[in-house]
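Heads up, there are several structures right after this.
Each of the next two complexes has chain A plus one other chain: chain B in the first, chain C in the second.
So, the complex of A and B:
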């Protein structure tokens, strides 16, 4: 059973309104992506900055209106729901952001921050307070933190508040957008463990967006690799790490630096940067940086199944 | 713990750096001693606020004016104490001998000027400080050659572009180029790849190690990323709350970490191929430098904590390694008993 199914979703942004009525140029941030998240599982979405992974996360939660495609939450097509109909559903789907300092209102204490989302769902004041307190304990913040403002807390504490605020509504599906990238190394493991514990406790499903493959390997059951608005490869965790098929996945994996100086591996160093999304290359989008490029790559490769469950968009396979 | 075969190029001895807040002055770096020889890379590793960037900035006299100062110890560069230098002498050192690159590549370039103007200006300023003159044309030529050396594509066109028109990797490459243009003896690299994507990080690290081999530059590399450390370090100095806790060859740090903080840091990193149920996590948080507990600064988070740790542990030398922990201090057991 899938908690989330996304079908051929697109999100285009338009760069200005064209001069003299000329049509504006479209930035195809997400360009036809399909993915599913199974109930109780974690899907990872990996890619470099600017590849559209955050836009995809936000479009799934309907923080952006999709340009095309469908979003199904628990089998229910929510793509065209007006805000009023989305509101009760927002309880079921929450988001955890990268920068806790930016995500928290600087004028709300930890307790108030966690209590606020409950206001939309009709509990009384006492009940809200009780639930918020309880959730703060669950995420490992003691009573002395309740009255603290974001600037008085450490990075790890702030991210715990953000997690508590998302979890207090007992959601079914949570999008985590780089939840540990802004945290210090020793705190990262604490927050990852917390997310895993919360997942088990509430039977949650996650879409975990990250550029850090080692974190994705630890956290995710299924991995999607995104490049310039498209999924280029997807597979189960073990499969994709053991047998990456797309040259981009291969390069990403080889760029992971392991904390072990003895383990010198052959590193694939990609040339150049992510192409300008306003002018994506025709054909395969990875063509310009691909070490194995052949003439056929001027034609766009489809996402094809290589083995059951393992799909990649590359002519090499 | 320097390699004794080479004289050190940079040496810090009992360095103490303080910051002032209101009337209070507190130490952000204490009792730091390290050395670095030509062609070697020393990594300062630690979390935000541990004093690693402050240490790097202090070498170039870049502490915030009025609030930060070197309150004790010395920083010797080729035998001269940098702390005692006048502003003019320090400028000459910065112009000719020591370079620095920062994490924030966007803030390190002026958004209002083209890349070409900034590069040529930096070349001309440098030559002026060093008492040499260089024409605009010569400076332009040098800048262009530098972009080419850094692997920047279509350099003539890049010279006319503004920083916002370039990607982060491109900007960082230009800054590294600017920093290395004068063939410095020492490069201080303060988290140069932290803001970059992994594939671009791989490009930049590759470029840096290539340039290091070509020029024999010593690098003081500041980072929090143990993966980056494993990639480039010859020596590693692990910092915690303003102090050195462990200092060794890179191999010694990764294969035989002794300090409980180093050990915890390495164990808490998720690694492909290892999917245990839970990650090892160092519980708690870094202490506030303004209100440090007495004794060992890691005590409250340490799984091996014991009563003796209420006293500041001494630095113990064990073969190539230095470690600040009572578990390895000779006689530590006896003192406790």
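So, the complex of A and C:
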């Protein structure tokens, strides 16, 4: 059973309406993405900055209204729910943010930050405090942190508060948007382990957004690779790391730092930047930067199954 | 809160302003209890310089100047505070709605604000006062009702900047209702520029009332306001020879406006996180 199913979702942003109501140009941040997250599993979403992965995460949580496509949470189609109907469901789907300092209200102490969300779900004040205190302990913050404001805490402590705040609602599905990339390397592992422990404790499913493949390898069961608003490859973790099919995935993998610095490897260095999303190249979107480009790439490749469960959008396979 | 007071008290000028205002309000409220002051009673002596019976002398029709300055102060402070209360209660929600909800509300509110800003305040007040009676309430309503665009724009800009922050998104993900996010998450973080603006607007309203009354279009005698006491100084003989009539309300006006502005600056500095390096 899938906790989350996303069907052909699109999110376009319109770059300013013309003065006389001329149709605005669309930025296709997410352009027809389908993905599923199985119950109790973690799906990774990988791609470089600006490829639309954060937009996708936010569209799934209905922070943005999708331009097209469906979002199913636990089999329930929530795409067209109005805000009032969506609110009770928000408990089930939570989010861990990239920058915990920005994601915490500067006026709320750690305890208040964790207690406040419970207010929308009708527990008494005493009960809320008790739950919040308990959750702060679970994420590894002691009583001395309860009264601290975000600017008085360390990055790792802040991210623990963000995790506690999401977990206190006992969600089923959590979007982690680059949850450790703003943290010191020394505390990344702690936060990742915390997320994993919480996942096991609550039977959670994660959508894990990251540009860091070593983190994804550590954390995810299934990997989606996104480029310029589209999924270009998906497979189980071991499969995609062992046999990357899409040239873009290959280039990303070649950039991962190896634990052994003496180990030799061919490094694929991509030329240029991500193309302008207002003006994406026709045909295969990776055409302009692909080291193996052939004339056929001027035609858009579909996402095809190469082996069971392994799909890629590339004419080479 | 005690933190706030500690930081504020380090600001000497702002503290002086606050003490002055405190004493002024206290005096305006309590002196009439101890002294038999009547701002409209006419005595036998007129244009009399200060003496034991009339500490600040009497005006052209024989009214006690001290009594008039004190009751005039009550009125000036009332107009200042009431008009700003009106300004804020209109401007703050509109600014918040425009900045948080955006969309059509934003364009309607901001265009209305620009329209209101293009009305010359003094001329408009003069016209309205010529039509309705210039009571303290009416003057406060007009000044307050016309002042909202500045507050709305201030709050709008601040809310706009604050709404883009991630904790606002987080609050929505956490299931807090939209209006709760607007009023309890965004507004408290966006409101600090308002405090200095409030102080500034109170002093401005007092000035407008004084100008209006000085022109003879504001509070009408026998009721006293600082402005209409000074109206007497339009007579050259009063201006040059009877300082006791116009100097006290003038000094009160200057000191009050100055104090309020100092308090506003003090609050602004204390609330500015960049000044908070203790």
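A few notes on this one:
Just so we're on the same page, the second predicted complex is superposed on the first by the 315 of 317 C-alpha atoms of A that agree within 3 Å, B and C clash if a C-alpha of one lies under 4 Å from a C-alpha of the other, contacts with A are read in each partner's own complex, and residues count from 1 in each chain.
By definition in this document, a contact is a pair of C-beta atoms (placed from the backbone, for glycine too) under 8 Å apart; a residue touches a chain by one contact, two chains touch by 3 or more.
Being a predicted model, the structure only gives us computed values, none of them experimental.
On the shared subunit chain A, the superposed partners chain B and chain C are arranged side by side without overlap. By the touch criterion stated above, A:104 is placed in contact with chain C alone, chain B being left untouched. By the touch criterion stated above, A:95 is placed in contact with chain C alone, chain B being left untouched. After overlaying the two complexes on the shared chain, residue contacts for A:314 are found with neither chain B nor chain C. Looking at the shared chain after the overlay, A:167 reaches neither chain B nor chain C. Within the superposed three-chain model, A:121 lies in touch with chain C and out of touch with chain B [touch as defined at top]. After superposition on chain A, the vertex angle at the CA centre of chain A, spanning the CA centres of chain B and chain C, is 80 degrees to the nearest 10. With both structures placed on the common chain, the touch criterion links A:87 to chain C but leaves chain B unconnected. When the two complexes are superposed, the chain touching more residues of chain A, out of chain B and chain C, is B.
Looking at the shared chain after the overlay, A:215 reaches chain B, while chain C stays out of its contact range. Within the superposed three-chain model, A:274 lies in touch with chain B and out of touch with chain C [touch as defined at top]. Residue contacts after overlaying the shared chain place A:73 against neither chain B nor chain C. Shortest separation of chain B and chain C in the overlay equals 8 Å (C-alpha atoms, whole Å).
Looking at the complex, you find that chain C touches chain A at residues 165-167, 169-178, 180, 185, 188-189. Within the complex, the chain A residues that touch chain C are 58, 61, 63, 83, 87-88, 90-91, 93-95, 97, 99, 102-107, 116-117, 119-121, 162, 165-166, 169.
The residues of chain A lying in touch with chain B in their complex are 48-49, 154-157, 184-190, 192-193, 196, 211-215, 217-219, 237, 241, 251-263, 267, 269-274. Residues 47-48, 153, 167-170, 197-203, 206, 224-231, 233, 250-251, 254-255, 264-266, 268-275, 278-283, 285-286 of chain B touch chain A in their complex.
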